[in-house]
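Shared between the two complexes below is chain A, which has chain B as its partner in the first and chain C in the second.
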Partner chain A sequence: MSLMEPLLAIQDLGIHMLTYEGRARVINGVRLTIHKGETVALVGETGCGKSITAKAILGLLPPNAETVSGSIMFKGRDLLRLPEEDLHGIRGSQIAMIFQDPSTALNPVFTVGEQLTDVVLWQGARRATRGRRVTGAVRQRCLEILRLVRIPDPEGTLGRYPVELSGGMRQRVLIALALVGRPELLIADELGTALDVSVQDQILLEVRELVRTGGLSVLYITHNLGVARLVSDRIYVMYGGEIAEVAPAAEVFRRQLHPYSQGLLAAVPRLTGRMGEGIEGRIPDYVNPPPACRFEPRCPFRMEICSLNRPLLLEAEPGRWVACHFHGSREESG
Partner chain B sequence: MGLVEAEAVVKHFPITEGLLRRRVGEVRAVDGINLSIKEGATLALVGESGSGKTTLARVILRLLPPTSGRVTFDGCEITALDDGALRPVRQKMQIVFQNPASSLNPRRRVSEIIEEPLLIHRVGTSGERRRRVGELLERVELPSRDFMFRYPHALSGGQRQRVAIARALALSPRFIVLDEPTSALDVSVQAKIITLLRRLQRDMGLTYLVISHDLSLVRNVADVIAVMYLGKVVETAPVATLFSDPKHPYTRALLSTIPTVSDEESALIPEKIALGGEIPSPAHVPSGCSFHPRCYARIEGCDRVTPELVPVGQDHHARCILYDRAFGAPGLRGSGSRREEERPWSSRWALRR
Partner chain C sequence: MIAESRPVAEPKVARAREWGKMWFRFRQSSLSVAGLGIVVVIAVCAAFAPVLAPHPQHAGSFVDFENSLRPPSPKNPLGTDDAGRDILSRMLFGARISVTLGIIVLAIAVAVGVPLGLIAGYWGGRLGDAIMRVTDVFLAVPPIALALAVTAALRPNLTNAMIAIAFAWWPWYTRLVYGQVLSIKEEQFVEASRGLGAGPLRIAFREILPNAWSTILIKVTLDMGFVILTASGLSFLGLGAQPPTAEWGTMIAEGRMYLPGYWWAATFPGFAILLTVLGFNLLGDGLRDVFDVQIEQWQAGS
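Let's look at the complex of A and B:
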């Protein structure tokens, strides 16, 4: 990677959730960087902590979450230590999020136009110097953004309610809502996975084009490995609240270093007619996680050291990082 | 003759308006479908949401009465039976729903959930039923002692789906409809459920109808695939044929959009065909070939004539004017000339793109 300062750098992020069962250690030392213009995918299965990581970036963690360690540096400022009002200025206008489910993320009682206008005006208000709210200009901006996400008949769409739109159109409106503030970093949570493949494909390709032309950086959160391969430059594989492996997308699909990534890829049904048997066991209990490597109880290659020392995320090959003792990494005690 | 046969099955839902429920239109959810599923085989229905897959499956199980057409199960026409006569047939046909979190009653224990079909059909004494529940839990690889008395909320997604499968197996059915059986599950769990379903099929000689939108999954579980679009089957073929030699423009486009995870697979799918728009509402089916507004291979006449499902190869049928000899298509010349026969049409496609 370049020596340039990354746009976003998460270091040693630790988040605990206070639950009835006790203190759940849901994010444990997560590290992630996104450079300008780069598309990064965070992949993993349900409950591995992908969405919590995304929410931590935007400061949208639920009230029972407690950040216990780390920093999230965005353009030289630590988002974890920023006062709420400064975060307000960043959300939407510098970092925007496309939420997962297009059928629930839109407000059903307001028209598309009202929801878009809200965002435009709100951002105008943040940049207070703009002063006057010229409705004509706001409308122009809304139309412009709807055209950008290829909504046919943008004028008509402004006056429609979300229920009048198809799933694909709703997803496009959500993308428009995220892009209208001209963010530098876009976080897309399971983009398109609620849609049919042909529509999902259209949306992903369109977003990829927008990213390329607009110099956007994107963090995709997805459980779909095929989608991650299609859209991203680099992939972070997450397991049990930790980063298991980091690699360029083109390489990780050819050869995986971490046993979990290997198991995950092997379980994907292939068009060649091969399909693995899945991974034994289930995700760790976050209240009492395995003491060292969190994948150790399910790992087919486990060694004695795996239950004693936590493997560190280390560079195994140029550009490829893995947290696994099998790759001869130096270990951290305790 | 297959175990399950559907002949010209039609299911229209009326759209009514006003106080008098005046009929103003209809949703053509299933619009004339013929299917045959061989005993012990797996047929997969694929298509986008709104294509009528689930409605068709419900009509086949007679959970919905068809508007017209016939469904036969093991030679017996079930569309003609009344509820009483249907009861014994129902034991032999079961369904596993998409989301086990909502298809299992949260207030019943696992043992009660699995026992319920036995109670409804008054099978065995209570001791026999309890033994049967234990046996079924073993079959779906859940240790019965641990799971018998749990509630669904205390199970993982994969375990819940195993319970749903055990319930479907309770009455020793011959035919099971699997409606998106793994789409609510993670890939590593999906793989385990599919392995289980395959083993059950082999051990018990089950016949499956799988509904799925995941083509990579279907490639691994089905013997025969039927691609649906707006209530009609547009192409049907044995699984290997459909993936290696798709004929219908819609099938080609659908295959080209599959997100793959290896170069090896990417080489197997057609060059990317971006399909514009979305599937229209089945309440407003386009004229002629219902796919024509989105079709990249559209030619003169596609908006007027409705093509039939015509043979395009060994056990391979497609519903497209390009292959319909009635409209001047060359049809099939012989088994070896498939490539040649395709050429005039593919060059025309190239022009259109």
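Let's look at the complex of A and C:
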């Protein structure tokens, strides 16, 4: 890691959700940093807290969520303690999110052009221009961004409604909407998961290209390790609301330190025959989580200490961090 | 990806195409087209009453007892009433009153009810609860009874009838919009626009409300007939338009005394009301078909 101050630094994030069953500790001491121009993937099973982490960054947590600890520093400001009005100025123009489902994330009653224009205007209104003039410049900007995300016939697409577009085109429009405000950090939540595999790959590669040329930082949220390796520089493996392992993307595939990462990789179906083995058991109960290591009940290598002390996220090798007693000797009493 | 070399569709063209599609769906049902036809005829009658009416001066306090209660004839196509006035002419002017009243009442109901529903649905909380409980109180009383009470308390005339009906009508729009907003605000595009930096006002009015307009428009169309019916009801009871104003309900009230012998005096204005309610209902159903198809397609297309 460089000595430069990171663009985004999440420290000790703790989020509880108030549910019928009780207080669910869904995010427990998550730590994550993204440097300028870096692409980071947050990988884990469904329900491990990836999306909640992403939403916490944008201040879009559901009303029953409660932030109990930590900070999310973005360019010197703690997003968790920023008033809602200031967040409006950050969302879209500094941190933008590409939403998961291209079929529902576009407003059905407006044309693509209207939705793009809206974003350009309402962000522009805070910066320079005033009023609602749809000038040639705004239109040019919309066309430019549609060309950037490789939409064929951008002029025609401006006048189309989301229903008239295919899933891949809608996904591209969503990317355009996120990019049109020239953000510094892009959050992509399960990008392309709702699309067919071939279209998904194409979109992922295109976004990677955009990121390379535009100098953006990206946080990918995905359950698919293959996707994570394809697009990211570093991978954060998340389990049960905690970071299990952090490593450069290529290294994770060579050798996994955390038993959960091993299981996750083994679960990926291969073209060469057998289905993956998967990991036994289920994600932890967040209301009554395992007392120490949250992966302990499912872990094939569990030791006595695993149910007594919570493992800390420690640097096991240069650039590789892991929270597992199997690798670290130091621990924290849980 | 290779840019297709298809003709460039400008936004205006896209709009025109959209209208074309809607018209195509609308005309699939002949009943909808009939409804539209009726509504257009009523609108034309209302707009050009002075030109179309064979005896425009009969609309007001005209008296010609020589010709009272004449049956339909070439001179008076729908006969004359007890004061010798041409019924067709009075009905045409009655259309004017009914349509204007309907538009004003519904404009008030929408202007009051829709923002309240939007506030209650989007912001909720105590304010939302307060709005909805007041609405519930209004909804508990049948609109005609509430309108009756209000007109009885005020002086009975056409303006007060209008105020009374609007007073009874807005809560239906609050309720409708409230329900719509509750479901629309959970849609992902609302969260997406928040994620892109939209503030709450923008989300409420620019993202959510436009999605509710089609439902509101359908209800307005359906209600148009019922508002006209209610207004005529009030006039019939002597609480709305006062004689000698040519209003359908008033005309029925006056002609009713001569039933069944001089049937035309009450029957034709009655038909006018019937046709109006029917026309707006069919039109409303047609619009619902048009917009529902759009919604279904959207969901199926996902």
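Everything that follows uses one rule, which is that the second predicted complex is superposed on the first by the 323 of 334 C-alpha atoms of A that agree within 3 Å, B and C clash if a C-alpha of one lies under 4 Å from a C-alpha of the other, contacts with A are read in each partner's own complex, and residues count from 1 in each chain.
In this text, contacts are C-beta pairs under 8 Å (C-beta built on N, C-alpha and C of every residue); 3 or more make two chains touch, one makes a residue touch a chain.
What you see is a predicted model; the values in this text were computed from it and never measured.
Bringing the complexes onto one copy of chain A puts chain B beside chain C with no clash. For the combined model, the angle formed at the CA centre of chain A by lines to the CA centres of chain B and chain C equals 80 degrees after rounding to the nearest 10. After overlaying the two complexes on the shared chain, residue contacts for A:K36 are found with neither chain B nor chain C. Once chain A of one complex is fitted onto chain A of the other, the partner contacts of A:L205 are limited to chain B, with no touch recorded for chain C. In the superposition on chain A, A:K75 makes contact with neither chain B nor chain C.
In the superposition on chain A, A:A267 contacts chain B only, with no contact to chain C.
When the two complexes are overlaid on their common chain A, residue A:V163 makes contact with chain C while staying clear of chain B.
When the two complexes are overlaid on their common chain A, residue A:S103 makes contact with chain C while staying clear of chain B. By the touch criterion defined above, A:L60 reaches chain C but does not reach chain B.
Contacts of A:H327 after superposition on the shared chain: neither chain B nor chain C is touched.
The superposed arrangement places chain B and chain C with a least CA-CA distance of 5 Å. Across the complex, chain A meets chain B through its residues 45-46, 166-169, 196-202, 205, 223-227, 229-230, 253-254, 263-265, 267-279, 282. Against chain C, in their complex, chain A makes its touches with residues 58, 60, 85, 88-93, 96-97, 99-101, 103-111, 113, 118-119, 122-123, 150-153, 155-156, 158-163, 174, 177-178, 181. Within the complex formed with chain A, the residues of chain B that make contact are 48-49, 156-158, 186-192, 194-195, 213-217, 219-220, 240, 243, 253-254, 257-265, 268-269, 274-276, 278-279. Of all residues in chain C, only 1-4, 6-15, 18, 187-189, 191-199, 202, 206-207, 210-211, 213, 294-295, 297-298, 301-302 touch chain A in the complex they form.
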